[in-house]
């Protein structure tokens, strides 16, 4: 399946000692002797649509030696909700949902184990067609929709701060991505802070960008798993393998942009050109790939936490590193090193 | 004769057995940690949150706002449903014209209309009112209509033969005859009312019980989530009891209600 | 006599007048641009999407998956509600023990339980089944119970005096006597079934009509949104018609149903 | 004959009624004068109630026409009242209120008075469901009599009453009929009751008016020889239809005043 | 007396029944032998149906006890059948099926036979709602008679029937009673019917058994002088209670066999 090229060296170096790394083990005999992945089922969350499941299939990466069970959620917060209840093993969110989830009674039953860099495009504050608003400062006293407890929440706060406004200067309306979109297009709110498909669709319906978050956000995409999965050698190994494949998958999308855009377009019901355009622009701005720089990622998230704390949304003393686990750091460094 | 003294005692105690058992199981399972706190908080913990929110006045504000929304919607939608049910139950032409359309619309789950309601009516109070009214309209309409239609035709004939005209016929025969069914409709509608509100209050609300529950969900506050469920149950129970009281009062003549 | 020929014609046409008027208004208002396309798409546009999705097979897949979920939930929840309704309607002790607890739980809007259902039962099919079952359980229970309780006591007395024992009494008196009410319950339950599914399919689903509608909302595809509403209406209408057919068939004896 | 006759007159012309394919009445012709008191007798299921319903406009004839005061009976008529074979009391109204709905202007006093006529003045506050069979029937009678109709149709109004109560009720009906002058049609299975009250007795048999007898006796009627003559005359006609009945008659040697 | 007496015997001891504060029966004492045929007469609302319900175990006495075959009547008894004053047909079953539920083993043939007894063999396939009043009553009678009870309680079973059908039904009841030997209690407002059928006639008045007469006549009974003696004896007792009734009797000069 074109994925066994770099498996040999990792096995030699790690399998015997930690018994935790069997990347792409399907091609290797030794891996199956050290750890039996065939009994493992990895439950993976996806946001929006089945992008990973379909992407892996298209990229020929879905022949995992363990079973993968996918679920689709409306947002990262819901993935963490499912994780708190022990319903998924691997979730992916932006930097914000874990901050909130960590405030749950048991700390949310998760740890952040990895960070992917990705584009910060399509994270914007937009205004409807024909709006008279010219700048963020004009939003004073206006109705602004945002998606609660997401990057939109964060960058809206940052934008207001930059424009010399405080959160209470606007009438902030928490809406889901879809409701926010409907409200904006039908003119029921004066502006919308949102991301992804909502922004693309908003533009299609005549909305214009008031401010972009591309320089506010880190673009970090965090992967979380449960403490039990971390300490379970088999799951641990499966996760490492999965993340390896994930990194390959993003590489594949770069080299197969047309094909991936077609799949995306078909599943999100948008024109292929639009999907392709989004993909190209995003990759140009900041290509999606695994990052093993834990310090940088944690520092970035700490800044977000401090901002939200300043808004009174989080306890001010949150130490972000406490919700991270570095158990995967070594393996991840290996992967990034190999993929360079 | 012998059992007549033992029974009332059992009958008074019986309804509480299961709730008490549940509460007991809940406390022991969570208290001993067999069920983790993030799966289900302890009853005492929920009680604490309850007292805390009660003291801060937050809870009562939310309840007040939700109740106002709920009952305004109930009055509008329920009133319309009742009126249309009466008219269609009574007047064949109106029924022929509107009933099948209403039945068609009834089969649209009203929550699927949320996007359209947002687009047409915005995200403020009117949207919530409309959703609740929509939800409440159909059970009231259906039950009023069904109630009128299932009145013993013999009694209607009697009323007509004794010269009762439109209004008197309504007052003396249709309304009282349909009342048991209408009250069942009221109890359904009350259920749907709270159900709708929960969903409606997750759309752009920053107050109300639905908002409180959704907010708690985002912050993984299991205790608040459970508390909000219990409060819904309480509110539901209250409105249901009110409806039951009406039943007892208005339906004295009916041995099926009188005897309970 | 004179009107007897004119009437059936009017009566056959009448139910279609309002739907046709609505369709006409819809087409003219959107076709002429008085209502913008992003507020309400044109009927023809919706039809196009419909045909497109039908051809690609996507629509039928979604419908199939949703229907399976809906009816499994209906069978489980409805069946349990029916059974418990029968037992409690018949057996006073069971009623005393469980009815008031059930009524208490009934007042909890089942959609507010979504967070708990996720935590307890996960996000897969079981969670959806449980939500639908929960939603369907109460109307079935209530109506079965209420149906049995509102049977003319004189007929029950008659049955007992003629030596009908438990099972025969059920078969010959309770069941047929409660049937009109049970069927009303079925029609309610079918409504709640689709309603619940819409919300349940937004929880971690990647298939089904609810997912399709939600997805369309994310991209503001008004035509798909409207299409999904129409399909809900269609499915609702279908299941409702099936229930109505049962009414016609089982309730021939009842002049209120026979005459329609 | 009543003093004042403000009753309706009825003209039944070639009336047939069938349910599905089953004929109940065929080509019935009757003319009823203002203020008449008509009794209809006949065996169970012969179509007495059906005829009454047609006259009341509660049902439409399959063929033929019925004219009430020279107008075709389409639906119910303003001044016609029916006492149905079943009591048809509203279960959600107390006894007095059940009578009140028929009283002019919902008048409580006249309703109470009507209850007293039928000997139930003390039961006004009860729910209908606690009444005995005969008491229910009497409430229905009170309701019919309080309503001051021009045409009163009575479908076995006294079937559930004991002998004594029955006589009292017969006297009551006769008195009110004489006072108010309405037209009365009484369905009864009691020939003696028919002769006691009616000016004219109709027998329905095989869907037709098989006999139509004028009873010319002064009121109040006594059980004298004329009375017995009429009674026997009608009974003979009713009973001597076929061999089986004659035989029955002989084997029992009873008079048929039951 | 029937040949075989497999009927129940009943012992009613000091039974009182009151609804709310209103007494209906006070200190009633009656003993009924196996296979007896008892008739209960009395004015409307005197408590006849109430007594029947107590014996059937459908209601509990406020005081006193009722023993059926030496056992206290707690709830309904296995072998007791009641024909209620109303027909109580199941509206959702066709006529034949209504009768079948009472037939042993749900037997269709015997149900059809019972329908033939009451002259409704052709109506088996109809819904009860299309039957006439008297037809409904006859279906209820067929249902009661097909059920082979040990104790049969009949509450005005023939009230809605014409004279002729009535006699046929009386003969039917008598024949089955003779054949099957059940104990029968018949409530009727027709004294002549009571004398025709019963071995013993009870009159209820003011909540008490005011009269208890044995009717010793051979069966089938004919309307001879003994018959008339019994009839008049009972009627005198029923009617000669107070001045008003005596006066009534004189003013009308009728025999009270209605």
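In order of appearance the chains are A, B, C, D and E, and numbering begins at 1 in each one.
Assume a residue touches a chain if its C-beta (ideal position, glycine included) is under 8 Å from a C-beta of that chain, and two chains touch if they have at least 3 such contacts.
According to UniProt, the chain labels map to these proteins: B, C = Aliphatic sulfonate ABC transporter permease SsuC; D, E = ATP-binding cassette domain-containing protein.
On a predicted model such as this, the values are computed, not experimentally measured, just so you know.
Trainee: If you take the chains that touch chain A and keep only those that also touch chain C, what is left?
Mentor: Chains touching both chain A and chain C: B.
Trainee: Give me the set of chains touching chain D intersected with the set touching chain E.
Mentor: A chain counts here if it touches both chain D and chain E, and no chain qualifies.
Trainee: I want to compare two interfaces, B-D and A-B. Which one has more contacting C-beta pairs?
Mentor: A-B
Trainee: Between chain C and chain D, what is the gap in Å from one C-alpha centre to the other?
Mentor: Averaging C-alpha atoms per chain gives centres 50 Å apart.
Trainee: Could you put a whole-Å number on the gap between the CA centroids of chain A and chain D?
Mentor: Chain centres of chain A and chain D, defined by C-alpha means, are spaced 87 Å apart.
Trainee: Residues of chain E that contact two or more other chains, please.
Mentor: Residues 86.
Trainee: I need the residues of chain C touching at least two other chains; which ones are they?
Mentor: Residues 39, 115, 119-120, 217, 255 of chain C touch two or more partner chains.
Trainee: Return the residues of chain A touching two or more other chains; collapse runs of consecutive numbers into ranges.
Mentor: Answer for chain A, listing residues that touch two or more other chains: 81, 84-85, 178-179, 182, 185-186.
Trainee: Go through the chains and record each pair that touches.
Mentor: Result of the pairwise touch check is A-B, A-C, B-C, B-D, C-E, D-E.
Trainee: Where on chain B does chain D make contact in their complex?
Mentor: Against chain D, the touching part of chain B is residues 154-155, 157-164, 168, 172-173, 176-177, 179, 251-255.
Trainee: Which residues, counting only chain D, touch chain E once they are in their complex?
Mentor: 19, 41-45, 48-49, 85-86, 130-135, 138, 155-156, 159-168, 189-193, 220, 222-224, 235, 238-239, 245, 248, 251-258
Trainee: Which residues of chain E touch chain C in the complex?
Mentor: 56, 58, 76, 78, 80-82, 84, 86, 88, 90-93, 101-102, 127, 129, 143, 147
Trainee: So in the complex, which bits of chain C are touching chain B?
Mentor: Residues 10-11, 14-15, 17-19, 22, 39-40, 93, 96-101, 103-113, 115-116, 119-120, 138-139, 142, 146, 149-150, 153, 180, 184, 188, 191, 194-195, 198-199, 213, 217, 222, 225-226, 228-229, 232-233, 235-237, 239-240, 255-256 of chain C touch chain B in their complex.
Trainee: Which residues, counting only chain B, touch chain A once they are in their complex?
Mentor: Its residues touching chain A are 36-39, 41, 114-115, 118-120, 122-123, 202-204, 206, 217-223.
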